[in-house]
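Pasting the structures in now, so scroll down.
Below are two complexes that have chain A in common, paired first with chain B and then with chain C.
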Partner chain A sequence: MSGAAEAKVATTSLSAHHGAVEAVRGVTMQVARLEVTAIVGPAGAGKSTFLRCLNRLHETKPGARVEGRVVIDGVDIYHPEVDPAALRRRIGMVFDRPQPLPGLSIGENVLAGYRLAGERAERPDGVVEATLRRVDLWDEVKDRLSRPAAVLAAGEQQRLCIARCLALKPEVLLLDEPCSGLDPIATARVEEVLNELRRQLTIVLVTQSLSQAARVADTTAFFHEGELIEHDRTDVVFRNPRDPRTENYLTGRFG
Partner chain B sequence: MTAVQHTDRLYAGELAKLRESVLYMGAKAEEVLGRGMQALAERDVEGARRLIALDEQIDELEVQIDDLALLILARRHPVASDLRLIAAVLKIVTDLERVGDLGVNICERVIELAAAPTMEGQADVLELGALVGAMLHDALDAFVRADEALARDVLDRDSEVDSRFARIFEDLVARMMQGPQNVDRATRLQSLARYLERIADHATNVAEMVVFMVKGKDVRHSQRGTRG
Partner chain C sequence: MTADDLRYKRRRPSGVIMTALSVASVGALALTIVALALPFMQPPDLSPQTLSVVENALSGSAIIVVLALLGGVPTGVLVGVGVAEGGGATARLARAASDVLAAVPPIVVGFVVYATVVLAVHGGSTAAGAVAIGCLVAPAVCRATLEQLAATPASLRDAAVALGGTRARVVAFVLVRSIAPDLVRAVSRTTARAVGAGAPLLFVTAAVAGSGDVADASRVAALPTAAFWLASAPGVDAGARANTVALVLVLVVAGLGVLGRRRRGPR
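Moving on to the complex of A and B:
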């Protein structure tokens, strides 16, 4: 990739299998520190599997296997001495469907991961407020923090899930199609949060929405059949992609 | 530009219509120029008058094409080569509209010149007209075929037009100095040559946009001979 900033995450010949199926094939890619990197591509391109290799979530599935290297801040995260649970606290993940923890209030949802990690805040209310402000949810929910999270609208729930990750002060945030079920306004609010976070942590965003990648991402990577086809600054990819497969996908052509 | 098809056939149809409309507008602009030169050679005042009406059609096409391009932008959010096509079209139609206006100017001078005997320098202007007509034709051809090499060939020809224009201009100044009876006609021929030189500039602009459309490379304002 031309003009790449310093890498926070670097994969080398990364392959991931679901049983006999090789979902990710030899991907060597760098994710720049404090930038938003979008991953786009058709269904089955290996985008989500790739994402789940970056916090060692993929290996938790039966029959899953990972080859190659993932280095974060110079450390190979698949080294036997790396504790996957500790790693996942540093590398937060948000899924396509908002998943607030059932039975927990809005405030408890924010602190759930934090407490599971054994953290003890002197002023838990302070953590809740500060975190909800980062996802622009504080004003909407400050008067009903003890209500169940399920009362929130889908877009609010998704921002709550982002807040739950942020409470752990992650260095990297992985988002797997976070706006796929949201209307345009709710989507815009999530994107606004990503814009606010972009210089504070490193973000990798898998998205089916090309316009979302164009709006939000500093760089965009195109995956196809498990391979990384092209990764460049977003303005380059959307104006003048190098590879005809990228061109055809972005412009909605088939051949 | 690419052999593969758009998944959305309606979208593909809109892009095809956009290309065809630009080509049609370009053909009208070429017609004004070509028939204007013919009217000059044949001293055809009526022919020149009829051509002036063609400019209105060209103006109308500019509005229609702009409208279609904006519709596609709003509806389809084009990216990559589709985006470059739309951007190129929006600029190309402005150049073609200016060619139409210059065509009207040409016809006005042709009508005025027909009232007086033909002047010797006219043959050079006609030659220049043929050169410029070929540039415009090739620039449009390059657009339709997305032919970068042909577009660059058009760019290379602009300097020849400039130097011919300079020679014609000096030659006509010399004729004016030979006697006041030449001044009117020589001035009008100079204007014609200037219009042609400007049309060549517009053809050059079209060719530059073709290079951008095909390669994503902006070659405007580059040094002559080192474009790209």
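Moving on to the complex of A and C:
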């Protein structure tokens, strides 16, 4: 990538397998600190698998295997001494479908990360309010914090899921097509939240929406058949792609 | 209007017709049974003596079922979670065992508990009854746990793991919690079955229940066994008293059945 800022996350020859299938093939890539990096590409390009390698979620699937290195702040996260659970608290992740934890209220969902770690938040009420304000959800839910999270609309649930990650004060936020099931208004609200967070966190966003990548991302990476084809500043990738496959994808010739 | 709404609107009349047909067929069946049984039925006897029998049988059933649930539900859930989460030969063996046990007729369970518990302690007891009923409850709960965990979306587990939860905490605080309402319903249905399970209790409580007056609080009496012993006892009142006990049993089972089919709200 030309003109790269300081890297927060760096992968070297990263390959990820689902059983015998190699979903990610030797990806070497750097994610700049405090920037939004979008990953685009057709279905089956290995985008989500790559994302799941960045917080060691991929390895939780039966038959999954990872080769190569993922370095965050100079530390190889696949080193045997790295605790995956502790790592995942530093690297938050939001999925394509909002997944509020069942049986927990809105407030309890925000604090779920602490509970799963067997910890208690200092001033839990303060954490809930501050975190929900960061995702612009506080005014909508402040009077029903004890209600089940399932009563929220899909867009609100997705912002709640982002809040749940933020409550743990992560350094990196991974988003796997977070707006795929949302309407344009809810999508816009999520993108507003990402714009608010972009200078506080390093964000990696997998998206099928090229317009979303263009709106939100500082840099964009194009994946195809498990390989990283191109990664550069978003305006460069969209206006002057180096690889014909990128151009073909961006112009809708495949994907 | 979306395609789903249109499809739903189109299917709605047929749904109403099918529901009406189902209710009508069940109603016709119930009416037939009542009409056939009515000539042989005696009106329930509500005398103090009979109510004493009912009270004793009800408390006996309650004690036996509560003890069975206390043992059977945690065992079923733990084995279910262990089988679902674990792998290898032990998990496969446990799954097969729970499948077999869930399909065993209650009378066989009663016979096994009679042979292993009652004969060993030289007499029937509430505890033996609870063991027999627990042997019916545990496999049913285990299967319900397995089915519900299998139906839990992988994305829910991913979301919990991505928050930094250890495997044990994810299972305990997220997965089991997520299936808890379904488990409660499964336990309600199993309890309804257990309360009405007369065959195993006749085996394991026979040693004392059959020996004398079922109204005696010192005897092991449960609703199905009390109904059985009363119905087979000589005397004009016995049938009426058996009917009263049977009526209470039907009401209890029906109540638990309804409880087990409650709709779930947003969680």
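Following the convention adopted for this analysis, the second predicted complex is superposed on the first by the 250 of 255 C-alpha atoms of A that agree within 3 Å, B and C clash if a C-alpha of one lies under 4 Å from a C-alpha of the other, contacts with A are read in each partner's own complex, and residues count from 1 in each chain.
Please note the rule applied: contacts are C-beta pairs under 8 Å (C-beta built on N, C-alpha and C of every residue); 3 or more make two chains touch, one makes a residue touch a chain.
Everything quoted here is computed from the prediction, not taken from an experiment.
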Fit or clash - chain C, chain B, common chain A: fit
Chain A as apex of chain B and chain C, Cα-centre angle in degrees (nearest 10): 140
Broader residue contact with chain A after superposition on the shared chain, chain B or chain C: C
Contacts of A:Ala10 with chain B and chain C, given as first, second, both or neither: neither
First (chain B), second (chain C), both or neither touched by A:Asn55: second
Partner chain(s) touched by A:Phe95 [first = chain B, second = chain C, both, neither]: second
Contacts of A:Pro148 with chain B and chain C, given as first, second, both or neither: second
First (chain B), second (chain C), both or neither touched by A:Leu34: neither
First, second, both or neither for A:Val71, with chain B first and chain C second: neither
Minimum C-alpha spacing, chains overlaid - chain B and chain C, in Å: 23
Shared chain A surface residues [contacts with chain B and with chain C]: none
Chain A contact footprint on chain B (complex, rising order): 2-8, 11, 77-84, 215-216
Residues of chain A touching chain C in the complex: 55, 57, 60, 85-89, 92-93, 95, 97, 99, 101-104, 112-113, 115-118, 148, 150-151, 161, 164-165, 168
Residues of chain A touching chain B in the complex: 210-211, 214, 238-241, 244, 246-248, 250-255
Interface residues, chain C side, partner chain A - complex: 153, 155-156, 158-166, 169-170, 173-174, 177-178, 180, 265-267
